[in-house]
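Both of the next two complexes hold subunit A, though its partner changes from subunit B to subunit C.
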Partner chain A sequence: MRVQIAATMLSRVTRLTSRTRQLDPGRILHTGSRAPQSVAAHLDDQAADDGPRAVSRTSEKDPARHGEQHEGLHYDIPLQDVGTLFPQSLPPRFSMQVKTFGEACLMVRKPALELLHYLKNTDFAHPAVRYVLYGEKGTGKTLSLCHVIHFCAKQDWLILHVPDAHLWVKNCRGLLPSAYDRTRLDQPAEASAWLKNFKTTNERFLSQIKVQGQYVWNKRESTERGRPLGEVVEQGLTRAKSATDAVGVVLKELKGQSRAGGFRLLVAVDGVNALWGRTTLRREDKSLVAAEELALVHNLRKMVRNDWHGGAIALTLSQTGSLFKPRKAYLPQELLGKEGFDALDPFVPILVSNYSPKEFESCVQYYLESSWLQHEKAHTEDGKKQLLFLSDANPGQLERLCAHL
Partner chain B sequence: MAAPAVRAARRWPVLALDLRNRLLRLPGLTQVRWSRYGPEYKDPQIDKEHYRKPVAELTEQEKYDLELRKTQHIKAAPATKTSSVFEDPVISKFTNMLMKGGNKVLARSLMTQTLEAVKRKQFEKYRAASAEERATIERNPYTIFHQALKNCEPVIGLVPILRGGRFYQVPVPLADRRRRFLAMKWMITECREKKHRRVLMPEKLSHELLEAFHNQGPVIKKKHEMHKMAEANRALAHYRWW
Partner chain C sequence: MAAPCVSCGAPLSYRLFLGGRVSFARRHGVWKAAAAELQIGAGSQILRLRHTTGVTTKKNVAALRRETYTVDFIKKQIEEFNIGKRHLANMMGEDPETFTQEDIDRAIAYLFPSGLFEKQARPIMKHPEQIFPKQRAVQWGEDGRPFHFLFYTGKQSYYSLMHETYGKLLDVEKRQNQLQAKGLFSENTKTKDLIGSRWLIKEELEDMLVEKLSDQDYAQFIRLLERLLTVQRDAEEEFVQQFRRSVTIQSKKQLIEPLQYDEQGMAFSTSEGKRKSARAKAVVYEHGSGRIKVNGIDYLLYFPVMQDREQLMFPFHFLDRLGKHDVTCTVAGGGPSSQAGAIRLAMAKALCSFVTEEEVEWMRQAGLLTTDPRVRERKKPGQEGARRKFTWKKR
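On to the complex of A and B.
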């Protein structure tokens, strides 16, 4: 009897320690190399299969098989997937690059690999873990998030992607008082745009997931229990006035049903610090609108809480579109403020930094191979040294620099 | 147009530098552009390669020059001249001409956006073209820029000369720097004036540069008109005395 109790206690202790080991960032470097990989991946692409000269590409198109040996290499996402997963939600300069090159190449970098490792080892019985990508301007937070979204889409997760939360708190026209709650405000344009993109990304889930509540939109229209989620989305798209409420219903349903286990949910929000910041919106009587008075922001805040399970939450902080934040601010405490930090606490912070020398070399090599660097001096050692000096290995700055060279 | 005396003085580089400067400082000749540096100040040597040569490889003359420069006064290098490998004097000059009100930051960003726009347009064409056509498509924005400006340079120009109380437009050969200046001036004027207010400068400028590269477009037309006027006024050529 005592032996049995001791055995159960021991097993509980080991289970606890194994769970903490999954989320311990210090261990990632060890577990990363021992991550299970199929034999095909080993045979398929070795990092240096092109010989001694610097290589910038890998032929491994499946993000699930990206590991440390792919670090610094570019992999390309098929354009069809780009159209499905990121309808108008890629950063503007990157989408210009995709259009010019005819291919969407992302670099495999450490922060993304770390996040992928965490996602591969998530325990779906536990509450959703929040991962926050933070870093200085132009270091690659948004594209790391895109890498993660591509991985989750390949694993058949349901993607709830808000490309830029800052767009919901500034320059919005046509604010309406919400029909559901008089104190809140609707944003029909932003809500319809989001619903359209959501529909494009998660087409197949819309018919599978059935609504579990009855929703009355107006005197003539209502959605019964058991109808597919696609109907709610259609309702939001056809009637702009109920678009925000439709978004709220979609978020509520997905949160409620993710624990049932029918699908896995990834909530990806870029610029999450907008949800707890100030807005520049005013009502007709010129009074300022606080962030929580917007129905979209209110519902998204509920989504980002960790009181549901069956998925994960990947967030990015961004100063670039933010309001009333100093330009040099990049730490979570600075950008989120007290309220936001307390709301998101506890979260796993992942720092995204500038290129390492190997990554920089790989990036320049990629530009040279695709003939993007046309200046004759850019091919020389002096030119590369100058690019490194001018951009300080910052991915965003390097891209802007190489655009006109 | 500068007075013929000053232009004539400029055309004699064989004269000693101080003699030229003393000529320009005569009473009756006001200098429009002058510097606070006296004639003994020498221009700085910006080129990095010049200093990278090991001492053993220098010739006697170069060693003498190096020693001489140690004793001379050197002007401060202007902020716009760098020892960067990507620097281009033509691009710098064009950026300066594009600048308004001393806003170099804006002018430079317009220039870089123009080069980027040219590059992107050429890449689009390249992707859409077949294998034979690809060899003819030039994607380097700097080559296109230089070639376009070269195509816009007029060979012969008109100068108003006063004879018998009337000004006559006399055809005259132009100096290299005048031709380069006219090409850039026409390009910038064309892009500033003949564009819709919603069209941005880089967009228009990239379009005009590409047209000039292919010897088409309004700037080339202006050059041809200048040539035709010079041809029409051929009879007045003997009014020129230099």
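On to the complex of A and C.
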């Protein structure tokens, strides 16, 4: 590690700030990883620095400004943003990495850049376009989605993020018959968890948006027209029995009001193939529950239809949590099935593939810089070739492999 | 065939000499003649005749210890064998004159197919001298006086051999001294003859002398021979060569596949490998980027377990050629680990064509080119598994 010159008297900023270097020959000061924000502000990203140090990182924090030149480089998200945008919705391994490293670094990759480009050029008068990220297992679909969410949050969109739709169709306890519609089933636990995360993410919208219908929850409680959306969310959080209905109301309201133009809506669902697959849930009489009999799934399917405008829909397919799907399936046709494919058709498919050599190099460099790879051969060429072979440039495999070293 | 020994004039009622072993000349010494006086014991496994041993009554216990075969008996066996050989040749439609032992073996295997695992338990038809164990003839004449002058040492053949060898050693030393005195001494080391051969082992020497030896005797004899060779490397070559056997195993060469060229002119090489019940064929291309396709599927998807991918990495990593070759392979049978092992062997063999001889030798020593002989051991009756016994209950 580079020697830190303590005489700089720089305030001990945490490693959130990007690692930059001043190439001003007049200054002997080497600001290593402890450069404060102000110093970093007037430095632009220097991708090609002397030596391999800056190859893996860029100082560009704003996803809106990410472009081709940042491809393969890591940028970090401030931790408070992580707390707001992704409350318990990051993939478990990535959140462990965030906790270990103390920083959340995402790599800028081509699929995400493509999606950002589309989003920047969306016409909000047209119906919402559906973008589906698909690819082999472990190629980085979920994290690309997180990148897109960060961008939209920075652009002040309203984020409707379902971290993993598979969680709604398996291992649920406490299914209740829905109060709204007798044929459907409620999932109070999942609904209240989601409402909590939704509230954390979109705090400031909750007071702005006003409800346009009147909803009666039970004999004593109801929400009038014109009340802020926050009240609906509170209702769902306090009364678990009406949580699912609250979710349904929120979705309906947001869909209806996004065309009014007050805000932009991003619907981001991870593992969307769960909505049209089988479930492993059973009722008390041991009969299987179909996906559409779950109220949450039903409402989400309506949300993902492109009959509204004023936003975009970003979806990810995932085999990892899916039920009854073969391990090697990754194409939309295979994972969604006929029903799902017809429901989502037309959509823009975006393939997420394994690392290119440059991206691989950058990822290994990032791990080396964070002292994650402790093996003495890790920084040699031979070691890198072995890593490349064993992981076949698959980001997920590489991450698991490096965890052992 | 049988011929009387020149060196022994006494009545030869109990001696028999076998066809190729007789030595007439004295130069081979007495020990050889003594060893050549052999009788062949019983234990017939010839097809037609089953020589039954004597009735086991208490009176004949001593005789049972060592079956003695009379000379006539052995001669009759040999005649019967030869006649049988001619009959067999006629049966198979071959020429009786040129019917060799290999032909006999093939004919017997054809006429009497056997599924027994133990090769020595199958039907065989061989010359009586290979079947009946060699026995020593009676070593003394009618007057009770032994023929050999070293008879009373107890190990006459061994001691006579030692005596002869020592005599040769003295001769060689004397010659060396004479040459040195004359100044014609020349150092020529011909070590090459001894490479690739080894001394007889104790069992082989015992067979040769038809006499039991102890380890010390054997060691003493080998030391004497080594001493002879240190004095002069090429001394008494024919004599020494009798006691050397060639070692052929380590000179087995690894078969190197020839290179082939496909339409684009890219060189590639194919080979096969197997492990347990998995069979794999690999095609390794000379230039590539390290992509491996197994049965049309990427190796990352085909082998989700890291251990299998490490097995695939081993040949390339060993030769430092990671990411330089493309491979396409097909594999069938076995489970994931054995398929990985089979592909590894196939890839290593295919890589031999792209690599120098020295590296091939390194690979062989690393064990990359050897088929793993381990297979699943059979479950035995009375046991729960191959080795696991049933739980032992005390009562």
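A few remarks follow.
We take it that the second predicted complex is superposed on the first by the 355 of 405 C-alpha atoms of A that agree within 3 Å, B and C clash if a C-alpha of one lies under 4 Å from a C-alpha of the other, contacts with A are read in each partner's own complex, and residues count from 1 in each chain.
One rule holds for everything that comes next: a residue touches a chain if its C-beta (ideal position, glycine included) is under 8 Å from a C-beta of that chain, and two chains touch if they have at least 3 such contacts.
As the structure is a computational prediction, the values presented were derived from the model and not from experiment.
By the touch criterion stated above, A:Lys377 is placed in contact with subunit B alone, subunit C being left untouched. Look at A:Arg182: by the touch rule set out above, it reaches neither subunit B nor subunit C.
Judged by the touch definition given at the top, the superposed model places A:Gln397 against subunit C, while subunit B stays out of reach. In the overlay built on the shared chain, the residue A:Leu405 is in contact with subunit B alone; subunit C does not reach it. In the superposition on chain A, A:Arg173 contacts neither subunit B nor subunit C.
In the superposition on chain A, A:Met96 contacts subunit B only, with no contact to subunit C.
After overlaying the two complexes on the shared chain, residue contacts for A:Arg220 are found with neither subunit B nor subunit C. By the touch criterion defined above, A:Leu388 reaches subunit C but does not reach subunit B. On subunit A, the surface touched by subunit B in one complex and the surface touched by subunit C in the other have residues 382, 386 in common. Against subunit A, in their complex, subunit B makes its touches with residues 84-86, 112-113, 115-116, 119-120, 123-124, 127, 139-142.
Residues 290, 297-301, 304, 306, 309-310, 312-313, 316-317, 320, 322-323 of subunit C are the ones touching subunit A in the complex. Subunit A makes touch with subunit B in their complex at residues 96, 100-102, 371, 374-378, 380, 382-383, 386, 403-405.
Interface residues of subunit A, counted against subunit C in their complex, comprise 136, 327-328, 382, 385-386, 388-392, 394, 397, 401.
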